[in-house]
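To start, the structure under review is shown below, and the notes come after it.
Every chain is named by a letter (A, B, C and D) in the order it is written, and numbering of its residues begins at 1.
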Amino acid sequence: MGAEHAATSASRFGRLVPLLGLAVLAALPAVLTPYTQDLVLKIAVFAIFALSLELLVGTTGLVSLGHAAFFGIGAYAAVLFTGGVGSLPAALAWLAGDGGAAPLLKLLALSVGFAALYALFVGALSLRTTGVYFIMVTLAFAQMAYFVFHDTKVGGGSDGIFLYAKPVLEIGGTTLIDLDRKSHFYYFTLGALAFTYGVLALVNRSRLGHALAGIRVNEQRMRAAGFRTYGYKLAAFVIAGALAGLAGFLVGVKDGAVNPELLSWHESGAVLLMIILGGIGSLRGAVLGAVAFTLLKELFQSEALLGPLAGHWQLTLGLTIIAFVALLPKGLIGLKQRLAGASHG
Amino acid sequence: MAEALLRSNLLTRRFGGLTAVNGVSLAFHIGEVHAVIGTNGAGKSTLINMLSGEIPASGGSIHFDGQDITDWPQPKRARAGLGRSYQRTTIFPEFSVLENCRLCAQAALPRAWAVWESAQRCEASLAVAREALAAAGLADVAQRQAGTLSHGGKRQLEIAMCLATKPRVLLLDEPLAGMGAEETDRMLALLASLKATHAVLLVEHDMDAVFRIADRITVMVNGEVIASDVPAAIRSNRDVQTAYLGEGH
Amino acid sequence: MTPSTRLALAAACAAAFATSAHAQGNAPIKVGLMLPATGTFAALGDMIEKGFRLHVQEQGGKLAGREIQYFKVDDESDPSKATDNVNKLIKRDQVDVLVGTVHSGVALAMAKAAKESNTLLIVPNAGADAITGPMCGANIIRSSFSNWQPGYSTGVVAAQKGYKRAMTITWNYAAGAETVKGFREAFEKGGGQVIKDLNLPFPNVEFQALLTEIAAQKPDVVFAFFAGGGAVKFVKDYDAAGLKKTVPLFGSGFLTDGTLQAQGASAQGLFTTLHYADSLDIPKNNSFRKNFALAYKQNADVYAVQGYDAAQILSAGLNAVKGDMGKRDAMLAAMRKATVDSPRGKFTLSPAGNPVQDMYLREVKGENNEYRSVAVKALADPARGCKL
Amino acid sequence: MDLATFLVQCLNAVQYGLLLFLVASGLTLIFGIMGVINLAHGSFYMIGAYMAFVLAPWFGDWYLTKLLAGVILAAVFGYLLEWAFFSYLYQRDHLQQVLMTYALILVFEELRSLTVGNDVHGVQAPTWLAGGFKLGELMSYPWYRVFASVACIVLAVALYWVVNRTKLGMMIRAGASNRDMVRGLGIDIQRLYRIVFAGGVALAALAGMIAAPLSSVYPNMGGSVLIICFVVVVIGGIGSITGALIASLLVGFVDTFGKVFFAEFSGIGVYLLMAIILIWKPEGLMKQHGR
């Protein structure tokens, strides 16, 4: 009885962990140097990106190797529709601003919207395939988007384009949010992370989320029960794409620049790496993975800490990944469980 | 006799050069357990797969409740009232027994996109799921993790999940496979109780059980129906004896 | 202790150390080298760094009496990571000077970050016109070239040789398009006409279809812009297809720089223009090449020169203010006004911060790009879009 | 475009397609039979090309001997790699395979950088294959390209023969369509895997060696080859050698004519082709039954 009680109180505490984390993050700017604050921002953006993929991989069991496409499209939309740069096709030009003030809500909607739209297109086609094919097809569609931005004039070609005016939220003439200001952007990103986490937590506890989990375990059984699984998977794909677009919007505004490499398969690979590093199957794992991946790379590339070895970070990172996947197939989250299991046993 | 609830007409399925099911016409009625027997590779599973919509037919048609459903996809058939179970256990082992059934019951509910509503508090699906569990005799273990059930328990859950979709036809693919005598008795009692409100198609290898419960037996050999009649007539059918029963007896 | 806290701690220590060191009068000048250490351009990054360090060593390890402390970041030639990477140098290491890089997209992101943080940036290779065009700034200087320059000078030479119909071929990316634009401008000004621009996706190296297209169109001359592995393959394919004998090939100098060993016989006799030639027979180049070979046991190339000159420009600025980086405006002005005694010959800087330099016509002989003549004297980039 | 030019372009397309086939065939075998997604396959191509460069001084004009030596080295390497690394991947899901082999790319690239350096290097074609023959007014066609195409065709035929006419091939085909069946037949699946993997690595390395005199060797050369090979494998149908051949040629044609007619969009062409084919046939042109 006592043990049971302890377990429930532990899980109650566990439920508070994300909120605690958020509170810590909100208090951080007071103590951070500008660089570490940037690092936190970068991790937060990647965490959103990783969370969005977690819905596909962890919840629904769809391994996409082309998730960076939506991330990149979101980023490009944020910059292109600010106006004044790139050369949008006439059909889309009316959506762009004049290069002056950049309305936050409109740009956010366009970023998320276009990412979702492309996800709808890619999902509609790629979800006809399964397994290895699905992985490859998502990769190919991401490459397609990559080459559109790389080879055509739409987004300034291979060098990419810059953002000249950062988005602003104005209501009745007063500026509520100005993303050009460090603190505004920090809390806005934090808000976006909380929003993403919240949305996905809601999805996971909803009927949609349960159906997606069912599809992951046995799609055939779900169809036999009467689920139009294609529609469910497509919904997951579009939600994931839209949230990746949100992360893209943030990265576009954060860097003030976008370029085709945001859509490259290396980026898709990196985000997959994050969620597996953290542990597939939990939102916390995705966030943890984003933190771990960013810091690991930071560590391996740091000459101050590793000396000349930093020049060979590919080797150290590669070997670490191999060791990680070999020893911790369930990710960092799994490590915690394993330790907990060991102490009980 | 009343109009059949589910009827196949010259149903055929070819895989490349192989004809797995050839011109099968059968009718299934509420209040009747209709068993389909035959050797391995006779086309029984293919028949179930075609009726449930898992694989498309190469020829022929399927009618359900007066409608031509030959071209309907599987989920649509399932929601219309065609429930099936699988030869291999296909429960969701990580979920609770209740959740397994609740999930299946959820398929029929509207507003799947309402992500702010908690699945575990979805009363509509919970009620159906509890009903199905009670009918299948699993009410006591509703909170257990499904993967921890005994083999027989899992087979019962399989039926319960099928019931949770509120079907009118039950397409059961070897529900007795691997069961002990006691478990078999329990399952047969369950089937007998379901027969009143459902049309039941039973594919089964356990001949004793088939002859105990079936109201009608169809024998398939090499994808074709060689006999379809009441059990007593099948037992004395010479073709069946030579083609099928002869092997075992 | 988790990696994160450890890292944060290390960063904090570094920052604390940095600020305390800054307070002292004669603290080292912090130079941030953001160059590729991995990927396609790794060899170029290496040469630039060696060139830079060579000049500093020649000055006794100090510039204007101040020690130089290096901070390095691998830019991976990935522009999507450029902003984060450059911020490692600007915000984490708080460098005084940024030096980098090879890839244009990355360099543009660096220029943007440099402008926002008002950090001094010296670009030792990336040719994107925009760096000394729309993105130009008082604190941004380039020690190399703009893409437009070698394209333009090759166009001048091609037109002078009397060719009328030209075709261009390059990768479908910004550096290629800008170089080709320079070529077209000069070639058409000289009375010629570019009949077709061919391009293929970067970094695709399957040229055969386009070579066939060249053979079908029969131009008088072909202008090519490729670099690295692509340049090697293109030159070899062009030769193997028999076109070298029938349609003369001209290129921006990068077509034959650092690639001649690999290109072998296929490159013999090719004409290219660039702001440097290995065999340039002037005292400064001779001494530079000797010192470089002594220091690193390998031959210098154009990238080493650009790195070397980046250090020279920095030292010109520092000398003018006697090492006092506080006199920033004076230092920047001195850098702009400097006449750099480069191994490529003396050059000055345009108001936009790009070298005003002689462009040389070179011919490939053996494994050398041999100097032939000055293609264009003191060529200045038009710096279109620069509002300085 | 006149007829002669058109024909030459077709020749170019076929030649490119054949070279792609050589790399992709190894990938499709490893994919189809072992069910392992191998992102590091491009690295084997890279290793082959660098082998052609490193081995060159030892063999001089003994070109075919060099190829043979390279193939043997690559096969041994593949065999060892399977034993030491890939054999642990079969039980893992696709996701972990993607990550492990992604990490391998990083490791191979860094090792390449440490041992051979980051410079671009040319690889000489043997003197007995120097020169070319006249093709049209201005152009000639190098003998080495002819050799490369012929070598690819010979290998394709040999591969076809091995897969369709030998006992090993029977096991391979069975393995590609139904792994359980192969186990049921009492075949030593581990040995089969090891052989197939070694063969796949050898094929990719051979492709790299044959391509090296044409392409020279340079850092990251495996990356772009890898992606295009994925496209080939997916279009052709995973595990199908015939499918890979057809798909390679298709990609060769789309790439060649795309560059000529739609220069700005030529990068997109092959992916568009893949999308269209997958809409039409979601499991590739040559679907393997029974999976």
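By definition in this document, a residue touches a chain if its C-beta (ideal position, glycine included) is under 8 Å from a C-beta of that chain, and two chains touch if they have at least 3 such contacts.
Owing to the predicted nature of the structure, the values given are computational and were not obtained by experimental measurement.
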**OP:** Give the identifier of the chain nearest to the protein's overall CA centre, each chain being represented by its own CA mean.
**Re:** A
Original post:
If you tally the C-beta contacts, which comes out ahead, C-D or A-C?
Top reply: C-D
Original post:
Hey, how far is the Cα centre of chain A from the one of chain C, in Å?
Top reply: 35
Original post:
Taking each chain's centre as its mean C-alpha position, how far apart are chain B and chain C in Å?
Top reply: 73
**OP:** Report the inter-chain centroid distance for chain A and chain B in whole angstrom, where each centroid is the mean of the CA atoms.
**Re:** 43
Original post:
chain C: which residues touch two or more other chains?
Top reply: 38, 172, 201
Original post:
Which residues of chain A are in contact with two or more other chains?
Top reply: 147, 150-151, 314
Original post:
Mind pulling the chain D residues that touch 2 or more other chains?
Top reply: 109-110, 113, 264, 266-267
Original post:
Can the chain contact pattern be summarised as a line, a ring, a star, a complete graph, or none of these (other)?
Top reply: other
Subject >> Which chain pairs touch, all of them >> reply: A-B, A-C, A-D, C-D
Original post:
Touching chain A in the complex: which residues of chain B?
Top reply: 52, 54, 73-76, 78-79, 83-84, 86, 90-95, 99, 103-104, 106-109, 112-120, 122, 125, 161, 164-165
Original post:
Which chain D residues qualify as touching chain C in the complex?
Top reply: 1-2, 5, 8-9, 12-13, 15-16, 109-110, 113, 117-122, 124, 132, 134-142, 144-145, 214-221, 224, 255-257, 259-260, 263-264, 266-267
Subject >> Touching residues on chain C, where the partner in the complex is chain D >> reply: 38-40, 42-43, 46, 172, 197-201, 203-206, 208-216, 218, 228-229, 231-233, 236-237, 240-243, 246-247, 258-259, 261-264
Subject >> chain A residues within the chain C interface of the complex >> reply: 33-36, 38, 42, 147, 150-151, 156-160, 162, 254-257, 259, 261-262, 264, 266-267, 291-292, 295-296, 298-299, 301-305, 310-311, 313-314
Original post:
Okay, in this complex, where on chain D does chain A touch?
Top reply: 31, 35, 37, 39, 88, 92-96, 98-100, 102-107, 109-111, 113-114, 227, 230-231, 233-234, 238, 264-268, 271-272, 274-275, 278-279, 282-284
